[in-house]
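These are the structures, in structure tokens.
Both complexes below contain chain A, partnered by chain B and then by chain C.
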Partner chain A sequence: METLVFQGLVGLSVSMYLWLLAAGLTIVFGVLGVLNFAHGSLFMLGAYFTFTYYGLWGVNFWLAIALSLLSVAVVGYFMERFFLRHIYHLDHAYQLLLTFGFILIFDDAAKMIWGGVAKIPAMPSFFEGTVSVVGRPFPFYNLFIIGTGLAVAIVVWLLFEKTWWGKMVRASASDREMASAIGVNIPTLFTGVFVFGAMLAALGGALGTPVRVVAPGIGAAMIIQAFIITVIGGLGNLKGAFVGAIIVGTLSAYGILLFPVFELFLIFLIMAVVLMVKPQGLFGG
Partner chain B sequence: MKTRLAILILVVLLALLPAYAGKYALYVAIHILLLSIFSLGFNLLFGYTGLLSFGQAGFYAVGAYGCAKILLAYPSLLVGIVGGVVIAGAVSLLLGFLCIRHTRIYFSMLTLSFGMMIFSLAWKWRDVTGGDDGLVGIPRAPLEIPGLFKINMAPMENYYYVVLAFAILAIYLFYRIVHSPMGLTMQGIRDSETRSVCIGISVRKYRLLSFTIAGMYAGLAGALLPPLESTVTPPLAHWSHSAEPVLATLLGGVYSFSGPIVGSVLFYLLKDIIVRFTEYWQMCLGIIVVVLVMGFRGGVVSIFSRKGGQR
Partner chain C sequence: MSGSKKISRRELLKAATVAGIGGMTLGLSKVGEAASPKEKPPAQTKSTKKILGVDVIKLGGQGVISGAHADYGWQIQAGAVLAIDEINAKGGILGSKLELKFMDEELKPAVAVKNARYLATDWGAHLLFGVDSSGSAMAVGPILPELDRICMFDHASTHRLTEELVYGKGIKQIFRIAAPVYQESNLAALIFKDFPNIKRWAGIHCDYEYGYSVWALFKDTLKKYRPDVEFVSIAWAPFWTMDFSSHISAVMAAKPDGIIATPWAGEGVMLLRQALMLGVFDNIQAWFQCMGASVDILEGISNEVAAGKFKDKLWATARYIHNYPDTPENNKFVASFRKRWNRFPNYSAENAYSTIYVFKAALEKCRSLKTSDLIKAMEGLKIMTPAGERFFRPEDHQAIYNVPGGRVVKDPNYPIPVLGDLKVFPAQAYYRNPPFEPLAMAK
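Our next item is the complex of A and B:
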């Protein structure tokens, strides 16, 4: 029983990285209609930038995270402004292909700049230590991640539901032409949404640096997880992405414990079944 | 007439390849032929039917593992290859039935998840697939029809001719398929699903046909691999391997018959040349993909022909 509770908490902290990653992906899809294959690579870049600022240059941990968010925001800006913007009118397939090209570029760029060896930066000292949960030591950092994930969920919700910008975004998501007709500057708004999504991915990557390995290729691995989550929750559905992340995170935490052989198979099976039975996702209307 | 002559010359050159090329060139040529078959099948789905699959590597792997299993149990090249294609065809018929319920992004995601399910089986189902070690020691069995002939496949040239024969057969059949009423119907569905439904076409049936044929082509390419490499491993089924025919097709040209073949040749030769100068081959490939999508969606073939690339 204790094991189950403990493993559930582990799963929950993993879920939060996945949530940060999937949130950006699903927002960008919901508004821009683009499934960004390179979204996982933005997660990877967030991790690498944080590693550089914090691990190599010795910048304050929080400042390093903020700087890496800004850096990834710049990358996202260029992707949207100079490439994606010009192919919105094309078939979905071409947007997938273009962003796939970006995965290849980012992966090799990371190898070129940071080398092919995995980096494991040190944990900031104030995060060391554990909390006793059901009589076992649980890393304090994981609790912090769970808290941050929940906080981001609330902030994103407030942003989209309560602010003027959020209203404009939702308006253009449901009817691009009408929103444009009543004076929403669609191209600028789209750039903003893409950059926002990129920063969410970067935050996930940045927060992962103290505990997760940073290596070229993690982007490609993460994007598949993000696809699974957003598909389960419904493409473009923010609430779905949150629940989907918790499902996948917890399932892989328990899966490793209970049925290690079929964990991967099971996750893809769930994705396929959701797609076949309810393609709009578990929470789609 | 001019095209026919060009094709004839090309076939003769390919047939004479062992006479003037070394072992490595033959090895590369076999791989190019395999990728061509793989990409042609993919393009029947994408270019001709309008469905972007990210799970074709799954069927490739089914063909490869199927052929490997057969060769390990019963060393006859023909039985292994045909067996691999049949198994891949059966699996793609089954999964196609489930996948073609959707189009666009949902189809891509569904094929991705099925492909990765096959990958996870190859990786974890150790008793059957050998797990992450894969299957090893697969013999390059002789080409044999009992009572008629038996050809030793140990020399690379002999196996090259087998692959070439299968490739020519596959390309010829593909030409017949896309120029048949069935192929035209598929293109009609790609261009307008609504219109096709209205004139009484069973859209699902043709999508399923296209999916199954594409799966068999992937299976054929896969089945020709184990006799060459004598081993099969799980990465064959991974989604990043599914991206290879996608890239080759994009490179050559999506809406042209020869696009995937030209693209496969370019893909391999470019890789061979670029890796001599830099280890960052992936980045070059990525840049090529971005440039193609941004400006040359008809691929290389469309640049050199006036007819293609207008879509």
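Our next item is the complex of A and C:
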């Protein structure tokens, strides 16, 4: 039992990176109707920018994360303003092509700027140490990640449910023309939503910098998991992304513990079951 | 997507990589320049004076030069370029200069096969070498007879390459200069048989060919010496595992005394860092990081080793370590490599460097570029290399030489951690020998 509790907690910490990634993906899809294949690349850029500020330039870790979010926000702004905006009216296939193109561009850019070799900065010393959970040492950093993930979930929920901006976003998501007619500036709003989603992905990447591999290609590797999560939870549904991330993260952890031989297959199995029972996802409307 | 389109995209990526790396550091850009001489049209002027009949001997190499494992491809290029420049500076081989083209195998067997075909057929490589991933090696090996080229494998380490493809199926075009998985599996078993208190072993292994063979051989050999040991837990991690926490906590739940782990390069560094975060080194007696003595891992865990965080419980080996053997050949190689690239050579670099010198020795011996002549010249070849004397066993074309295992320690003579407390065993003690007993290998 203790083993299961501990493994679940480890899985939960892994889930939080996935949640930060899936949140932006699902928000952008829900509001803009764009399935952004390159969303994982924004996660990667978040990690690379943090590596640059913190690992190379020696900027304070927190400041480095903040700067990294701003940097990715700028990238996201350009992506939306000058590229995606022109294809909203087109078929999903075009969006897929364009955003897949962005994966290649970002990966190659990362290779040009940071080199192909994995970047591994020193661990910030204040994160060292463990806390005892069911008698076993649990990393303080993972606890911090869980806390951050939950905090982001609350903030995002408040933002969409309780603020004027959130109401405008929801209104535009359900009826673009009506929202426009009552004076919502749709193009600006969409840019804002896209940038917000990009920053969530960047936060996930940034937080992983000291403990996870940063290399060209992680974006494409991560986006598959994010898609699985949104399929399980329901595309465009924020609650679904949160629950889906926790399902994928913790079940992989339990899979590794209990069924090491077919752990990889487990997640796909769950996705298949969800698709069969509830094709629109657990929380899909 | 058509085949030609695919290649042109890869060419683009390659050019981008080279340019990008070039932008990063001066040293790396040298690899780039030497590695992409394709822009210059190869010298075609016919010269009848050359013994080998060509002005330029073309060497087609490949390795992984992008992603978490990219340092290996870099090291292969760096080692090969160093040897090629040394040889060209002295007039080449029998009057012919050497030219290198290096491609990214991306750890994908299909890409490696396509590269090999391109290098041999379109680009006209006379000799092939490289390949990092075992899966890629097992895919490239069988097409070599058709390409009529030798490939010197200088990293991919599955025992099946030489045992099954060369010894079993007789694909004579395959040679391997690097120590195969015997190095980290059987040697580890020999080292740890002498630790009577380590009875419960767990594994965290790569979820592909490499991890399967190491775990199978390690268990098999250790069990022969120590019937009392138990293998209590195993976790498998595929390529692109970014977070090993779940794997580590899963095997720690079985309370092992020792852990043997295969994830390599950047993934190996992250695995060790995450193990430290999970307090693993307070609760085990030994951790054997198979290729942990590779330079990129030693650099990556340098701070942690200096701070004593591994509590002297971290062990490792490699397919060559720069502080062994203490011979003039090795000292010269390490000094030239450091001078040229401002880094220590890892085993891929030494293996690639020696590959070029093995080609030189074989070409000088048979004075021919014909694959069948070269095979004869290389079978049974003995050659002094930085890693020591290598002997190419004729039965399986595997180079025999020994590399020690040891504890990862800080040494005041080196800027990065090194292996200390070296456990040296002769290669014969831990290499498998023909006829190879079949090995049950499963995930």
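As a working rule, the second predicted complex is superposed on the first by the 284 of 285 C-alpha atoms of A that agree within 3 Å, B and C clash if a C-alpha of one lies under 4 Å from a C-alpha of the other, contacts with A are read in each partner's own complex, and residues count from 1 in each chain.
In the analysis below, a contact is a pair of C-beta atoms (placed from the backbone, for glycine too) under 8 Å apart; a residue touches a chain by one contact, two chains touch by 3 or more.
This is a predicted model, so every value here is computed, not measured.
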Report task. Examine A:I113 and indicate which partner it touches, taking first as chain B and second as chain C; both and neither are also allowed. Result -> second
Query raised in the report: After superposition on the shared chain, which partner residues are touched by A:V59: those of chain B (first), chain C (second), both, or neither?
Result: neither
Requested in this report: Could you say whether A:V10 touches chain B, chain C, both of them, or neither, answering first, second, both or neither?
Outcome: second
Query raised in the report: So, A:P137: does it touch chain B (first), chain C (second), both, or neither?
Result: second
Query raised in the report: With the two structures laid over each other on chain A, which partner does A:A171 touch: chain B (first), chain C (second), both, or neither?
Result: neither
Query raised in the report: In the superposed arrangement, which partner chain does A:F268 touch: chain B (first), chain C (second), both, or neither?
Result: first
Requested in this report: Please identify the positions on chain A that touch both chain B and chain C, taking each partner from its own complex.
Outcome: 108, 111-112, 261, 264
**Report entry** In the complex, chain C residues that touch chain A
**Finding:** 12-13, 16-17, 19-21, 23-25, 28, 65-71, 73-74, 207, 234-236, 238, 240, 242-243, 245-247, 249-250, 252-253, 265-267, 269-270, 273-274, 277-279, 282-283, 296, 300, 303, 443
Query - Interface residues, chain A side, partner chain C - complex - result: 3, 6-7, 10-11, 13-14, 17, 108, 111-118, 120, 122-123, 128, 130, 136-139, 141-142, 208, 211-213, 215-218, 221-222, 252-253, 256-257, 260-261, 263-264
Requested in this report: Using the touch definition up top, name the residues of chain A that touch chain B in the complex.
Outcome: 35, 83, 86-87, 90-94, 96-98, 100-105, 107-109, 111-112, 220, 224, 227-228, 231, 235, 261-262, 264-265, 268-269, 271-272, 275-276, 279
Report summary line: The residues of chain B that touch chain A in their complex are 46, 52, 98, 101-102, 104-106, 108-110, 112-114, 116-117, 119-121, 123-125, 239-240, 243, 246, 250, 280-283, 285-290, 293-294, 297
